[in-house]
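Order as written gives the chain letters A, B, C and D; numbering starts at 1 within each chain.
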Amino acid sequence: MSSLVSWILVGVGQALVIIGIFCDLAASIMMLRLPNFFARLHALTVGSVGGAFIPLIGAALIAAGCDFLGPYRWFMAGGAVVTAIIEYVLAGAGTHAIARAVYRAKAAPLKPIVADKLAEDRGGEER
Amino acid sequence: MNLATWVTDFIVFSMPFYFAAFALYIARAIKGPTVPDMVLAVDALSYDLAAFLVLLGILFRAPIMIPCAIVLVLWVYALDIYMAKYFEAGEIGE
Amino acid sequence: MMAVDIVMGLLAASALISVIATVLAVQARDLLKAVIFSALQSVAYTLMYFMLMAPDIVLVYAAVAVGIYPLILILLIKKVGRYEV
Amino acid sequence: MDTEFVRVAYMIVVLSMYVNIGVSLYAALAKPNLVKKIIALTILGDSVNTFIILVGYRFWRPGVFLQPPVLTNLRPTSEVIRQFLEKAVDPIPQALVLTAIVINLAVTVFLATVALHMYRHFGTVNMDVVGRLKRYEVRKEMA
């Protein structure tokens, strides 16, 4: 692999990692500042897709571009891509599962609320 | 400029931001008022830790340490599902 | 060389996090919160094992301590009651 | 390479493991609830395993990247193996701890089963109440 291609791969990967760092900081501040559980679900989604999926793809590109890692860098790039895909599928599934369970079991308070469309669809009961 | 020093310096300078994010997640995990908040914080912490472990593997020049991130992501999802089943239905096998 | 400072600093930080999580897990009244604090301590130990260059231990420990201990303990808590009297 | 910082950080790690072992041992002995005792026992076992891993660790030398003990070379010559021995950590404590973690898992499952049977027999898992009930049952059988 020529040197220019390595530099291009590393540069694109570093741009993706910087995007991931920004999303990560935003998600952590949201996780600390948002008022209740159902608003913090948004923070988990930002932190898992923007903060973990995008920098994992970036890390895969960096690992593919680094010549000093030896021939095992292709193993590392493939492992990072597999981790990214698994994380992209499982984070959304886990978030939906725990949100549904907590809403049905009334395990978290729903205090600062604007509208509850799900309760209206089910017959207009108030919580 | 050498490629190895460039990549190493980039990863070293990106570390304090990750540390700040981890500290805020741990603060939420410690003071969360209900149990689902703590589960959420531990989830987000582990997903970001997986990305951080891959970058750390590049920093250490150890490509053989990549499957740790896959295993961590998979089993934290399992923790999420257990808590959901506890709150919703009761037994896990039903 | 900066790598040694980074490694030892991360080790010390994750060790302190594990101490905080252990103390909170011991003194929690709600057993479910104790299980979540135990999982937080397991995540800190996972980072420590990664720092100590033991990838095989991480492969086993992440599955056992983040995945299977909470499964057993949550099943048990569902049977015997949630709050410690 | 800052030697003083490295020494202080290593001492922090060792003292944290001592504190973890002490706190979890106190919980396993003094807390009355059986589930809390099981949680404390898992933390105790993990802390002891971390101590054993810490024995096999080496400090970083300048100019050498420390490696996990995996030889990633298909045709190793003696020179390659000598460089690997300079870089890798000790694999024997890791092999020991790998067994200890799985045995801890088996023991924890067994203890959970025992706690469940105790709950079905006595109706509680608080060990103070269980002791009182046991004395009461023994006295009733003796009479």
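To be clear about the criterion, a contact is a pair of C-beta atoms (placed from the backbone, for glycine too) under 8 Å apart; a residue touches a chain by one contact, two chains touch by 3 or more.
Source: prediction; values computed, not measured.
Enquirer: Comparing the two chain pairs, does B-D have more C-beta contacts than A-B, or is it the other way round?
Expert: Per the contact counts, A-B leads.
Enquirer: On a C-alpha centroid basis, what's the spacing between subunit A and subunit D, in Å?
Expert: 31
Enquirer: How many Å are there between the centre of subunit B and the centre of subunit D, using C-alpha atoms for each centre?
Expert: For subunit B versus subunit D, the centre distance works out to 21 Å.
Enquirer: Can you give the whole-Å distance between the Cα centres of subunit A and subunit B?
Expert: Subunit A and subunit B have C-alpha centres separated by 10 Å.
Enquirer: For subunit B, jot down the residues that touch at least 2 other chains.
Expert: If we look for residues of subunit B contacting two or more partner chains, we find 35, 39, 60-65, 67, 74, 83, 86.
Enquirer: Which subunit C residues sit where two or more other chains touch them?
Expert: Residues 3, 53, 55, 75, 77 of subunit C each touch two or more of the other chains.
Enquirer: Enumerate the residues of subunit D that touch no fewer than two other chains.
Expert: 65-68, 70, 72
Enquirer: Got a list of which chains touch which?
Expert: Result of the pairwise touch check is A-B, B-C, B-D, C-D.
Enquirer: Name, in rising order, each residue of subunit D that touches subunit B in their complex.
Expert: The contact residues of subunit D facing subunit B are 65-68, 70, 72.
Enquirer: Quick check: in the complex, which residue numbers of subunit B touch subunit C?
Expert: Of all residues in subunit B, those touching subunit C are 12, 15, 19, 26, 29-30, 35, 38-39, 42, 45-46, 49, 53, 56, 59-60, 62, 64-65, 67-68, 71-72, 74-76, 78-79, 82-83, 86, 90-92.
Enquirer: Inside the complex, what are the residues of subunit D that reach subunit C?
Expert: Residue list for subunit D touching subunit C: 1-2, 5-6, 8-10, 12-13, 16-17, 19-20, 23-24, 26-27, 31, 33-36, 38-40, 42-43, 46, 49-50, 53-54, 57, 59-60, 62-63, 65-70, 88-89, 94, 97-98, 101-102, 104-105, 108-109, 112, 115-116, 119, 125-126.
Enquirer: Contact residues on subunit C for subunit B in the complex?
Expert: Going by the criterion above, the answer is residues 2-3, 6, 13, 17, 20, 24, 30, 32-33, 36-37, 39-40, 43, 46-47, 50, 53, 55, 58-59, 62-63, 66-67, 70-71, 74-75, 77-78.
Enquirer: Using the touch definition from the top, list the residues of subunit B that touch subunit A in their complex.
Expert: Residue list for subunit B touching subunit A: 3-4, 6-7, 10, 14, 17-18, 20-22, 24-25, 27-28, 34-37, 39-41, 43-44, 47-48, 50-51, 54-55, 57-58, 61, 63-64, 66-67, 69-70, 73-74, 77, 80-81, 83-88.
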